[in-house]
Amino acid sequence: MLRIGMLTSGGDCQALNAAMRGVAKALYEQAKDVEIYGFEDGYKGLIYGNYRKLSPEEFSGILTEGGTILGTSRQPFKLMRVPDENGLDKVEAMKKNYRKLKLECLVILGGNGTHKTANLLREEGLNIITLPKTIDNDIWGTDMTFGFQSAADIAAHAFDCIHTTAASHGRVFIVEVMGHKAGWLTLHAGIAGGADIILVPEIPYDVDKVVQAIEKRDKAGKRFTILAVAEGAISKEDAACSKKDREKKKKDSKYPSVSYELADQILKETGKEVRITVPGHMQRGGSPCPYDRVLATRLGSAAADLILKQQYGNMVGIVNGRIEPVPLKKAAGKLKMIDPDSSIIRETKAVGISFGD
Amino acid sequence: MLRIGMLTSGGDCQALNAAMRGVAKALYEQAKDVEIYGFEDGYKGLIYGNYRKLSPEEFSGILTEGGTILGTSRQPFKLMRVPDENGLDKVEAMKKNYRKLKLECLVILGGNGTHKTANLLREEGLNIITLPKTIDNDIWGTDMTFGFQSAADIAAHAFDCIHTTAASHGRVFIVEVMGHKAGWLTLHAGIAGGADIILVPEIPYDVDKVVQAIEKRDKAGKRFTILAVAEGAISKEDAACSKKDREKKKKDSKYPSVSYELADQILKETGKEVRITVPGHMQRGGSPCPYDRVLATRLGSAAADLILKQQYGNMVGIVNGRIEPVPLKKAAGKLKMIDPDSSIIRETKAVGISFGD
Amino acid sequence: MLRIGMLTSGGDCQALNAAMRGVAKALYEQAKDVEIYGFEDGYKGLIYGNYRKLSPEEFSGILTEGGTILGTSRQPFKLMRVPDENGLDKVEAMKKNYRKLKLECLVILGGNGTHKTANLLREEGLNIITLPKTIDNDIWGTDMTFGFQSAADIAAHAFDCIHTTAASHGRVFIVEVMGHKAGWLTLHAGIAGGADIILVPEIPYDVDKVVQAIEKRDKAGKRFTILAVAEGAISKEDAACSKKDREKKKKDSKYPSVSYELADQILKETGKEVRITVPGHMQRGGSPCPYDRVLATRLGSAAADLILKQQYGNMVGIVNGRIEPVPLKKAAGKLKMIDPDSSIIRETKAVGISFGD
Amino acid sequence: MLRIGMLTSGGDCQALNAAMRGVAKALYEQAKDVEIYGFEDGYKGLIYGNYRKLSPEEFSGILTEGGTILGTSRQPFKLMRVPDENGLDKVEAMKKNYRKLKLECLVILGGNGTHKTANLLREEGLNIITLPKTIDNDIWGTDMTFGFQSAADIAAHAFDCIHTTAASHGRVFIVEVMGHKAGWLTLHAGIAGGADIILVPEIPYDVDKVVQAIEKRDKAGKRFTILAVAEGAISKEDAACSKKDREKKKKDSKYPSVSYELADQILKETGKEVRITVPGHMQRGGSPCPYDRVLATRLGSAAADLILKQQYGNMVGIVNGRIEPVPLKKAAGKLKMIDPDSSIIRETKAVGISFGD
């Protein structure tokens, strides 16, 4: 009897179900007597013992479904070692539930925060395999995370729609793309969507340079300018502040996000009205794109293979096109950011896209 | 020689190009020696004489393209009789340009404001045919406007995406749908998107009823509630105020739109976090949906027929499935609103959707 | 206790689930103690007593799902009065199962064939309400059926894809659209897809006219011609034959469908290679479009209303924008075909689209 | 003055325009006095001197457009050294036109056949840069070609649609996916589309194994089976024949493609009706997906960089996530096929998908 636990944690994204289906189908196919237990709403389910035994049927037909059949929640890593309101030791509770169910391994699907807790559980002696999910593609150790391309498709569609209206009216448009720390989604959606200016957290922008880029287009006779702005885009000025000052400024700001502040600055400098579009949580939802379905299925299948070989303590990543195990120890806690000097940035600047730097 | 002018005015929407293509193809096909002049950026082009002769090739391949090849701008009706900054009499200028080009007829594509000016030009003696475009579907005299279904498709897609993420996290979500005066888009997108609560301008809401609807779902074990909120949704309280007080309140409000205020109220009453998604101008853009392409082509073809028959002074509408002329005199200046007692509202309430009333 | 039966019969289409959800939600919302029994795979389930009691949860989340949760099958009307291989009287069996379950009413979702059997059951004394589903939009008594617009969207998308490849290569393309008897789907998808020639069953075509239309485009310098051909498109020659001769010809033909024969004829006459695309069953599948979701929800809600008012023996249709009951007696057995002299055909011809007539 | 030629050859695919735009924008941005000449309809334009000077405006707004603004045609490599009907030496003609226009470099976008001729021109002394386009992803030397992911999206959508109808009716369905030599598209679309059986040219199938896979699903209570069949899928029996016998068999066959033959065999063995869907040329068309837009833009930008550095004789490929030059000498004439023992095949088999081997 092979007893496997499974949970999805953090913000949801597309292809979580596809990945779990991959693990499950590969286990049912290759091992005898497999039982899979799903913990509900992420680590919360593991802490408080909310789980259910999943039937093979539950994994059927979910390849194309967004969300997660297990539910998810955000459980900050930094609170994991802090007892809950009733004094419960969360880590001990998770270990207890793992053992109570006699699990051979726990499969955890999540992003950066999730991986830190997964690594903690590994350090505590549990057998852990993780799968890298996030629309941000910022997990160290894998070239690609599932969810990213689906989110890029949705964000790019927003640009496509905005394009026709921008061209008709002759305006400046901002599309605010998800991503507080890493700008991958903004970069890819921006290139794919034909954005003229792309602002990402890794490359602080200078408002004057942004304005110049808009005016350059004006002079070239273009009717409109479209900006792809990451939620975490930051001006050079703010980037130069201390973290404390930055947080204070944000708290006191009348702007719901950086896009609104930037819009006001552009209006002031150019006299041009700026329209802001915020696809927001749409970017996490809907049916995964075919790219993500293939990636998630392959990663899930490979995760099952690692379980059958008892190669625990790994995240399953894709590196140079090959699916391979990446030690959790190495991957957990590290972010993969855009390098401002990387070739993708050079290639993007070369076609005339401004990063405001 | 048949010389026709054409312009698109007001906010852009999908299928403007499809409609103009319909007019042009039908004229080129049926009349000899047709010349079509396109005025740029709406009435502005007619006022200031910015136009170009359009070639048949320019109408080729635009059936599926969003936006408008002529550009558009908003020119408020109430300013039409007011001279511009250089003292130019706009109405006279439009008449002059119409006559200078020896136009037989002017085809005007637009929404409610556009129709008022179109009717003014008719009263001034110009031959006018109009086509009803708007994502709001609020033009009196036609059962449907082109742009509406395309916008509904985009807004419904936002709901589809939000649905999976809402189900995974167990939250309250608001999708803010375009529509300041009429709620048709919110109503259709909300039904199509599986919204649980739909708030439209025509049916003022009671916050307590909204909260009750959320709590009712909670008790029924549903993890999430999704609200479709029109930009122009209004609380009963606000609806009872004078217009002046309402505008003052809006001006002083810290909320960018009604959705943000409502979100705060829901948080206060239920303790539930509310996420807001604003597809915004996306709803006007992108390729028209097949429904709109067919509608716009038919309306355009029928407009050409009216021109050939010299039946001017009409909007081309669709009434009970038939394309027919509607006197501009009757249609201009009237809005088509949702009747709170209509059967579509009854049918919608019957399936358990709350309007917060 | 209100006990309702439900079944879906005939070829499947989009929004069947949305319609059943509409019925169910409206019944659960408005009546006490409702039980809904679903018969599996259409009339087969009713004949052989294969059913299950459906829970409210089964109707949750299916608004956007293609197919039918009940399954379907084709059960030809003409065999209904013929005993099955074991001598079972099918009609009596259906009546028996209806009564065994003490049903108050049976809700039947289907197309033309389905409606004939539904009417037979009505004549036999059962309480019947039907909902008009078909991608063909050929049900008499309703302006629109659900499934049609979704299928049109898919077929139009095929044209959109073909367009770019046709323009690049300079070829003749045929897209074969579903529809053996009625050409509505081909007509709408063809107009929306920018087809140059549309061949529908209701307007027999002359190959020479088709060839002339292709050559006219050639002379006008167009690189390509795209034909929308209904499965049931028929040449004037064939239309003039007796039904018997036609069937013999079809049986002996080496062509899998009319498109292949036509392609050969075009090649012979013009020397142009013709590429054929057959989206086929794709046109029935996938998530219903927002238009169909709204229509199906409204029809379902209205069906529940008729049940609550015990107004049986009706199909729920949409006539001039209003949802209303249509006596089954009148609707069953009649097809709604394209009238070659109708305004939509005139409008379509006016923009230069050829019907080969 | 930098004078660049450009042509697109072979079957068209998505993102050709995006790639050319990438080259052009990067040249205009980085070099002074650039002139770009576009040859029409592939090598034909180069042979017969059909070209036009392209303006910067022609590259604007084409990022999202399918097809190619230059047109394309198939010009078989094996005929390049054979004079045309008028005795024209094609290779000399191409060299002459290249020199007449004083081109610094010729940018060629194409697939395998195109690359062979490109290499021939390189050997003849022309400066050549190529970009790997094909929906087949079978070009040696690059991990990915543009067009592939867009085609996979379209094919996967066909599976998504078929899925709901298959589930409703309980049938066997074949989706025939493009690809005569390489099975990448079928493999990816099949995994993404949830196919149960995937047949690719690289892994000859055994009909009995296919039938067993269908029957296994039957026994497991699944209502339907979906097969992804490449145009070039081949049975073990046929694979064992000589090429000559195979061609003879194909010529004499009554089946338009392998899918139809297989369908008949399945019907005979299982008694199950098989429905065939052929998305066909749809797979080459429509707007490129965001993934392809980014890839094509990056490749185009990198091609411009090679031109500016005069590093001719290269294809621009993507290898392990990095855009890099691949010597044409090495890449031309080699196909990249699926290795039946590769990890992607193992991962796919592990989740229970049969390759009929």
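Letters A, B, C and D name the chains as they come in the text, with residue numbers starting at 1 for each one.
Just so it is clear, a residue touches a chain if its C-beta (ideal position, glycine included) is under 8 Å from a C-beta of that chain, and two chains touch if they have at least 3 such contacts.
These figures come from a predicted structure and were not determined experimentally.
**Q** Through how few touching steps can subunit A be joined to subunit D?
**A** 1
**Q** Measuring from the mean C-alpha position of subunit B to the mean C-alpha position of subunit C, what distance in angstrom results?
**A** For subunit B versus subunit C, the centre distance works out to 31 Å.
**Q** Starting from the mean Cα coordinates of subunit B and subunit D, work out the distance between those two points in Å.
**A** Roughly 42 Å, centre to centre.
**Q** Any idea how many Å lie between the Cα centroids of subunit A and subunit B?
**A** Whole-Å distance between the two chain centres: 35.
**Q** Going through subunit D residue by residue, note those that touch at least 2 other chains and give them in order.
**A** Residues 160, 163, 167 of subunit D touch two or more partner chains.
**Q** If you connect every pair of chains that touch, what shape comes out? Choose line, ring, star, complete or other.
**A** ring
**Q** Every pair of chains that touch: which are they?
**A** A-B, A-D, B-C, C-D
**Q** Inside the complex, what are the residues of subunit B that reach subunit A?
**A** 8, 11-12, 14, 16, 41, 65-68, 71-73, 154, 157-158, 160-165, 167-170, 173, 223, 254, 256, 275-286
**Q** Considering only the defined contacts, which subunit C positions touch subunit B in the complex?
**A** For subunit C paired with subunit B, touching residues are 21-22, 25-26, 28-30, 61, 63-64, 143, 149, 152-153, 156, 160, 163, 167, 188-189, 191-194, 287, 289-291, 293-294, 297-298, 300-302, 304-305, 320-323, 343-344, 347-348, 350-352.
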